Structure formats: structure tokens, C-alpha cells
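Take a look at these structures.
Look for chain A in each of the two complexes below; its partner is chain B in the first and chain C in the second.
What follows is the complex of A and B.
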């Protein structure tokens, strides 16, 4: 693994240059909050952002995605036949994504791309994306990512990890995909050799590794929120499911979709046909286990009739069922969005600890 | 004369004293009503897990009463948490919560005799997106005094609906935990001009500007329905957006569907909305959803002199016909 040092003076020109071979996505401020979206020509990712309000999962799993289009007009050619919606899976780079948000893509991948099922929309969108991640030097008070097998400097799910260091970005090159983007941006030499020949780019010596390690340790030490889930795995599903604390935990919960929609790892979706006149689309929409509609049967019966049962479902899925099924930790990267945004202060950190340590 | 002092610091001390007094009284009342078995449960607020957050909570043992607190972050409307309850519940209620309890009683969602209302004279709620420590206010001294008099919390820090509050003290209550706070005396003209200023601005826009204003405003809506779910008025067994046979509204992010949701929800609140601000406090995208309900509040006020939840003895205007109703549209 190599590290190069990119002078911030040449950063935006390089980003712009990479457009020749990539579509670019990055954090931009829209009214009060940052969001990830495709960057217009000349538009730069805001590398000083704190966190995006909604997670960047939408770049491969949008809130509404058209899968098919159809025409009900019998005069039309191929009427009543579903046609593939047009898609652009040309190479793209997401710049500035936080390491834990990139890690969330690995979790989503377990669901959308496994030996039983491959969701082509997800797989294609994920595969065409290069992750140019930005380490978090100053985690906020909601961040508990270090408890969730990731962290502010986690490089396990990224192609390049950028570390903001004074007037430069230190770029840890994790994959060939990442190197290819750096080449396209002109941050390396033309043939991909990293020899520091390009203006403003120099090969970093050994001390750079130490600098990154130090910044990483500093950042991690700022994270005060911790959760434990080791005992949840040992407990039986029914013991936690029937625990006495759920109604109390869920009392304040409004059963809105704030947590599920802001969450980088919530993957549930619903398929809907929408017709306008004689033309229609079949789309995939985010769904939320907080809503009664999520489980209501065609008979009208709802196995999760009560509000508190739906709140319980969300935490059981993230912290218990997921652990049991995949044996890869919990379905949470500790980004803290749900904690920050919940109108009723439903705090997954407390609930996780209660499930772990409670009766 | 301009005073370069940090008014928020002065106010913070004053507010802390009030909060402490209120908190003690609320705990005392909760203990009493539970021990005397006047109620089965008490619904109030407890501290949240982070500074400046609170969480609605339910207690059923006097020994848990010390969990209850009061401060300027009790933004949600607790009337939302009593609807449909069959047991006897005490509820901690500020002015707007009490007006929604009146609504609930009028709309037969709860029985008055099943409620014990612990009335809280309200000094207003601080806007959720403000950071008190960072907010420094330089104010003209006389305006400052006026503000302090009426609002121990600086007016600039309050959430929008609290700035134009018409009822800070509970309308109905079984006990008050403190002396009533001073209510602002509004004239009808002042209300129409000042209280509905946000609506007036939109009414003054050209039609096309208004349309793009709403489209822009709603473009960040994720349809999480936090606004609906935080609203005490929204208690339909199945909301029209959740109806699937037939499905009235699309489930995606098409702006037509987003608008349909917001407009219809607002119409459904006409003559019922107390402008408590829970919808805006709940919105994770900070969308000013009150603008819609406020417009309907204005219509009700202008045409029927109506303000929701102020009395148990009057039916809401959309619920009743009066000979002198302003009904030019059908004459």
C-alpha cells in the first residue's frame, strides 16, 4: 500500500480533470444540510463538511429507482411489456465519503449481492463506483463508529483514503481502482508510477505513515460513545424479543421513518407500479419497518400491529438477527445520524447496551 | 444605547431557576397523583441522552417520578401520547398541549374524567437547531428589557410558533405547577399582521413564485412522516397515504405525491391545528411544514374568529353551521 501527498492547491484542478473519465459524486450543501449527489461541471465536493444529513447509500440505493417502464396504449409497439429503464453505469467516483459510510456499502452488499440473490441495480451501481474516502479528523458527539468494527480512519471499504493534513491530503491507495482515479486526476504520473514527478505531488516518506497513525489515534480518542453487543449474540432470540424493556424503550418513539431513511445500512425496499395516463413505471422505493404498511397482510391482519413491536423489530434486526445470520458484527456503522435526528430521542446506543446487559 | 453583553447567559440563569422549580413541582404532583391512585400513569418528559434533548416518558410508580424534568427543550406535544388511552393518565401540559387535549376531548379521543392535567405555564421552546452556547445576542437595552419581561428566553432563540404564541398557559388543567405567565394581549389586527406574517408573505407572492417556493421547500422531504406522527391531530386508523385499497398517493419521491401528502394533511388539520410546532420540531430536514397549517389557521381566524382548542364548549367551525357564518361561496 502506498501513500502520496496531494497539495491542496492542485486538488480542485485534479478533481475537475478526473471528469474526463469519471462522473463525480460528492457532498454539497443544499440549504442547511449536506447531501451526496452528482456534481455538475465545475462543482467541487465540499471537503469541509461534517456529515451528510442522509447517508450516501442513495448513490447505489436511491429512495426511488425506476427499474422498468411500460406502455398500456395498445397502439404502441410492445405495449404491456416491461422494458428496462435506461441506466448509466459508466465509471464514477464518490469523493469525500466517510470511511464508516463506505463500510456500510459492504453491509448492504451482503443483502443485495449474495449467492442467493443479486440485485442488478445495486451490483452495477456499486461496481462502477470508486470510493475516494475522507477520514474524519474530528468526530462529533454522535459518532460511535469505533464500537462498530469501523471508525473515522477505517480503510477497509475504500479505494483511496484521504487524510486531511495541513495544506495537503495524504492519500492512502488501497486498491487499483483507487490508483486509477488518482491517475485520471493527475495526482500521480501518467503511467501510474508514483515518483513524485508531477508538480505538487511528492512521494511520502516513512514519517507519513506515522502522521496518519497519530491523526487516527487522535480522532479515535475523541469518540466517547461506546456500545457493546458481544452478549447479544449469546442470548437467545426469544429472551431478547420477550424482554420487559421494549414497551418502555418504545414509548416515546413516533414510528416515523427518520432513523431508517437516514441510516446507511437500512436496506428494506418496496416495489410499486405507478401509472400516469397510459404510461407507467415499476419502481423500487425505500421502505421502513416503522410503518404499519410494512407488514400489513392482504387480509388486513398486521402481525406487527402495535407501535412498540415495530420499534423492537428495527433494533432486533440490526443488533440480533443480523449478527446471528451473517456472523459479521451488527448492522450499524455508528454514524450517529439516527441519534442526532430522532425527534423523540430514541438512542440506539442505549438500546444496544440495554439489549446486551439487560435482563 | 447598545449593550454588548451576552444576553443568553443572563437568560440561561433565569431559565435554569425556572426549570428547577418546575421540575420539582412536576415530580411532586406526579408522586401525589400516583400515590393517591388518582391516575394509573403519568406522561411527561425526561432528560434525553444528549444536552438539549428530552424524551417523552411514561411512569407508573411514584418512585420513578424523579425521572421527570422540565426545560425549554420539551418541544413535542404530549397530547400526542394520550390519544386512545383507556386508563387514567396524568399529563404534563404546556399551553399548546392543553389546547390539543381540548381537541381530543371535543373529538372524543379521550374522556376528560380520564385525564389529570398538570398545567405548565410555558416560557416557550428553544429552536432545536440553535446552539445556546454559540448564540450571542447584542440587543438594545429597552427592547431587551421588554423581551425579558415577556420572554425569559430571548425571543430570537424561540422556535417560530412560540414567537407568536397566543396561549402560553394551559386552557384546562387540574392543577398548575406555577403562577400563570403573562400572556401577550393581541389585537385582531396584530394577529393578522404579525402572527400570520409568514403566511402573508407567501400570499403576496405571484402564483408562479408561490408554486416554485413550495416545490423548493418540499424538495428535501423524504416522506418519513415525522411531522404527521408527531401531530396530536393525526390519529386516523389508516392515514390516506398508507391506504392501499385504493392507493390514493404514490409512494415514491415524485413531487406530485410529496405535495399531495403535505397539502392534504394540512387541510385535514384545518380548524384543529393549535400551532404547537411539534411537526417542525420533529422534521429531520427542518422543513417549515407549519406554513401550510398556519395558512388554514389564518382562514379560520379571519372567517370564523376561530382558534382551535381554546374552549370545551364550542364546536370547531368545520364541524358546525351557524346562520351568520361567512359563507359567501355558497350564497
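What follows is the complex of A and C.
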């Protein structure tokens, strides 16, 4: 693994240059809050953003995505037969994504890309994306990512990890895909050599590694909140499901779904047809386990009729079912969005600890 | 990459009213591309998403048997938006089918065993597929004694009546038909609820006898104690569940019971498995 130093003075030009071979996605301020979206020509990712309101999962799992188009006009050729919607899976780079938001893609990938079925919309969108991540030097008070097998400097799910260091970005090159973007941005030499032959690029020495390690340790030390879920794993599903605390936990919950929509690892979705005249589209839309419609049968019977049962479902899914099913930790990267945005102050950290330690 | 969301185009080839109250219709579909029929190779107990452009999709158990070629068959109760629309469709109309989906009754494990099939109401569809499949001559010898208890509210609400009457005459299967009640003085079959009849006619429980149950929740609720009483072990009781579904491939997240997804890990579970999961169905 190599590290290069990119002078911030040449950063914007490089990003712009990479557009010759990449579509770019990054954090931009929209009214009050930041969001990840495709950057218009000349538009730069805001590298000073703190957090985005919604997670960047929408890059490969959009809030609403057209899968098929159809024509109900019986005179039309292939009427009533689903036709593939047009897609653009040309190379693109997401710039400035937080390391644990990138890690969330690995979790979503377990659901959307398995040995039995592959969701082609997810797989193609994920594969065509290069993750140019930005380490978080100053985690906020909601961040508990270090408890979730990731962290503010986690480089395990990214192609390049940028570390903001004074007038430069130190860029850890994790994959060939990452190197290719740095090449396209002109941050390396033409041949992809990283020997400092181009202005603004300097040979990385040992001290750079140390600087990154120091910044990482500083960042991680700022994270004060911790969760444990080791005992959740040992207990049976029914023991936790039938625990007496669920109605109390859910007492304040409005079932508004803010947590599910802002969450980088919530993957549930709905499929809906939308017809306009004789033509229509079949879409995949985000859904939420907080709504009764999510599970209600056509007969009116609802297996999760009570609002508190729906709250329980979300935490059981993230912290228990997922652990049991995949044996890869919990379905949470500790980004803190749900904690920060919950209108009822429900805090997954407390619930996790309660499930772990409580009766 | 194969797209599991993309339905195979089919044409409605036949529509039959299945019950006297006209709330159920049986549809036969023919694949527009004959190769799709091979891609759709299924086993008894599986389901499919019937896909109507502009209306949506519904998960429905496959009622035809893998031994029947040239079509796939589904019997559909008119209840929601998509099923109501489907009931208004005509022979020749084009729509889609996605599947086959889910697991199936454990036919490998059932080889050499006696099978007690218990069905109620319009959940008899995948059981019809199963009976048709095991009665197919090359298959019949693979299984032991076969008993079927099938109940409906009235004689007119029994599905596949003609076939039932044919099976009734055979000596390689014991069919026990029952209705909740009837005014028909000539009714020569059972009268009474499925659990009661099951208690009367079920073969004794032993290691070589399995029960397959598919029916409305109320029937399952009262049949299970009967099987317990008869001594059926919970790993010998096989059930098929229903839950609201969309994707049918274990991704959209709504049909879970604990960590199991009814659409992909099910719909078929043993009672032993279900005892370990939250009963969110």
C-alpha cells in the first residue's frame, strides 16, 4: 500500500480533470444540510462537510429506482412485457464519503449480492463506483463507529483513503481502482507511477505513515461512546424477542421511519408500478419496517400490528438477526445519524447495551 | 447477469371459476418463450410472483405439478388490488411470472415415508401440486402410504373437485374429504372441521410418517394439538407459511420471522424450526 501527498492547491483541478473518465458524486450543501449527489460540471465536493443528513447508500440503492418500463397499449409491440430501463454504469467516483459509510456498502452487499440471487441494480452500481473516502479527523458526539468494526480511519471498504493534513491530503491507495482515479486526476504520473515526478506529488516516506497513525489515534480517542453486542450473540432469538423491555423502549417511538431512511445499512425496499396513460415504470423504492403497510397481509391480518412490535423488529434485525445470519458483527456502522435525528431521542447505543446486558 | 426481478412473459391460456362463490379462479399460463418454461423448472411447494404490469405482483403457490407440462397453474383468491384485477383478466391477456421462488416440501427426505397431507380452504393449491406429483406413476413407488385430509366450508368451496373425486376412487391414496357443513342429503364424505377429522383418520405417528399442513391460521392452530396428541414429533410436522412479500428473493426485508425470510428460507418449515422463531406470521 502506498501513500501520496496531494497539495490542496491542485486538488480542485485534479477532481475536475478526473471528469474526463468519471462521473463524480460528492457531498454538497442543499439548503441546510449536506447530501451526496452527482456533481454538475464545475461543481466540487465540499470537503469540509461534517456529515450528510441521509447516508450515501443512495449511490447504489437509490430512494427510488426504475427497474423496468412497460407499455399497456395493445397495439404496441411487446405490450405488457417488462423492458429493461436504461442504465448508465460507466465509471464514477464518490469523493469524500466517510470510511464507515463506505463500510456500510459491504453490509448492504451481503443482502443484495449473494450466492443465490444478485440484485443487478445494486451490483452494477457498486462495481462501477470508486470510493475516494475522506477520513474523519474530528468525530462528533454521535459517532460510535469504533464499536462497530469500523472507524473514522477505516480503510477496509475504500479505494483511496484521503487524510486531511494541513495544506494537503495524504492519500492511502488501497486498490488498483483507487490508483486509476488518482491517475485520471493527474495526482500521479501518467503511467501511474507515484514517484513524485509531477508537481504537487511527493514521495511518501515513513513519517507520512506515522502522521496518519497519529491522526487516526487522535480521531478514535475523541469517540467516547461504546456499545457491546457480544452477549446478544450468545442469547437465543426468542429470549431477546420476548424480553420485557420492548414496550418501554418503544414507548417514545413515533414509528416515523427517520432512522430507517437516514441509516446507511437499512436495505428494506418496496416494489411499485406507476402508470401514466398507457406507459409506466416498475420501481424499487426505499421502504421502512416502521410502517404497518410493510407487513400487512391482503386479508388485513398484520403480523406486526402494534407499533412497538415494529420498533422491536428494527433493533432485532440490526443487532440480532443479522449477527446470527451472517456472523459478521451487527448491521450498523455507528455513524450516529439515527441517534442525532430521532425526534424522540431513541438511542440505538442504549438499546444495544440493554439487549446485551438486560433481562 | 440474470435479473431476478424480471418476469417471464406469459399468456393466460385458461381461466376456470374454482368455487361456488366465484371468489377463486384457476389460471393456466403458457410461457411466450418456450425456453422460459425450462428456466421455470419447479418443485411442489414452491411459489411464484404473478406480475401484472401497472398493478403489481402477488406471491401465489404453484398449483400445477412439475409432472404437468406445457403450462403452469395457479388458483387465486380475489382479495386485494392485484388479485381483483387478475380476476377481471381474459384468456389471451399477457402478463408475467417470476420464479420459481422459495423452498419446497422436502421430497428427498420424504422418500420411503408415509405422508399425511392436511389442507384447508384455498391453501390446497401447493398440496394439489404435491398430490399430483406423488401420484405420477414413476413417483408413486418412491413414497409409502399417503393420506389426505382436505376440508372446506361447503362442498361448493372444495377446490379441484373433479380430481378429488378421481383420487377418492384410487387405492394408492386415502382421501378424506370434509366440509364444515352441508345441506346435501347425498353428501357421502365427512362433515366436521379438519382437526376433528384428522384425529379420526390420521395414520399413527412413527418415525416414518410425516405430516404436511397448509391452511388458514385457525386450522393450523387447532390441528397442531391434534398431531401432538397423536404423537407426531415436531420435526415430522411440515408447514407452509405466508407473509406479505415483494421481492420473493430474500432482499426486500418484510417477510422475516426472526432471521428466516419466509420467501427464501421458506415458505416450508418444520414445526421444530418454527418453535425457534418469533411467530410473526
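As a convention for this text, the second predicted complex is superposed on the first by the 359 of 359 C-alpha atoms of A that agree within 3 Å, B and C clash if a C-alpha of one lies under 4 Å from a C-alpha of the other, contacts with A are read in each partner's own complex, and residues count from 1 in each chain.
FYI, a residue touches a chain if its C-beta (ideal position, glycine included) is under 8 Å from a C-beta of that chain, and two chains touch if they have at least 3 such contacts.
If you're wondering where the values come from, they're calculated on a predicted model, not measured in any experiment.
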item	value
Combined model on chain A: chain C and chain B, fit or clash	fit
Touched partner set for A:120, first chain B, second chain C, both or neither	second
Which superposed partner A:32 touches (first chain B, second chain C, both, neither)	first
Dominant toucher of chain A (residue count), chain B or chain C	C
Partner chain(s) touched by A:270 [first = chain B, second = chain C, both, neither]	both
First, second, both or neither for A:345, with chain B first and chain C second	first
Centroid geometry (CA): angle chain B/chain A/chain C, rounded to a multiple of 10 degrees	90
Touching partner for A:283 - first (chain B), second (chain C), both, neither	first
Touching partner for A:262 - first (chain B), second (chain C), both, neither	first
Partner chain in contact with A:238 - chain B first, chain C second, else both or neither	second
Closest approach of chain C to chain B (Cα atoms, Å)	5
Contacts on chain A seen with chain B and repeated with chain C across the two complexes	270, 272, 296
Touching residues on chain A, where the partner in the complex is chain B	30-33, 53-54, 63-64, 141-142, 248, 251-252, 254-258, 260-262, 270, 272, 274, 283, 285, 288, 291-293, 296, 339, 341, 343-347, 349-350
Of all residues in chain A, those that touch chain C in their complex	67-68, 70, 72, 79-82, 84, 111-112, 114, 116-120, 123-124, 236-238, 241, 267-273, 275, 280, 282, 284, 287, 289, 294-299, 301, 303-304, 309, 313, 316-317, 320-322, 324-325
Chain B - residues contacting chain A, complex	48-50, 53-58, 76, 80-81, 129, 220, 222-226, 228-230, 238, 242, 244, 250-254, 281-286
Chain C to chain A touching residues, read off their complex	1-7, 9, 32, 51, 53-58, 79-80, 83, 93-96, 217, 242-244, 246-247, 249-259, 264, 276-281
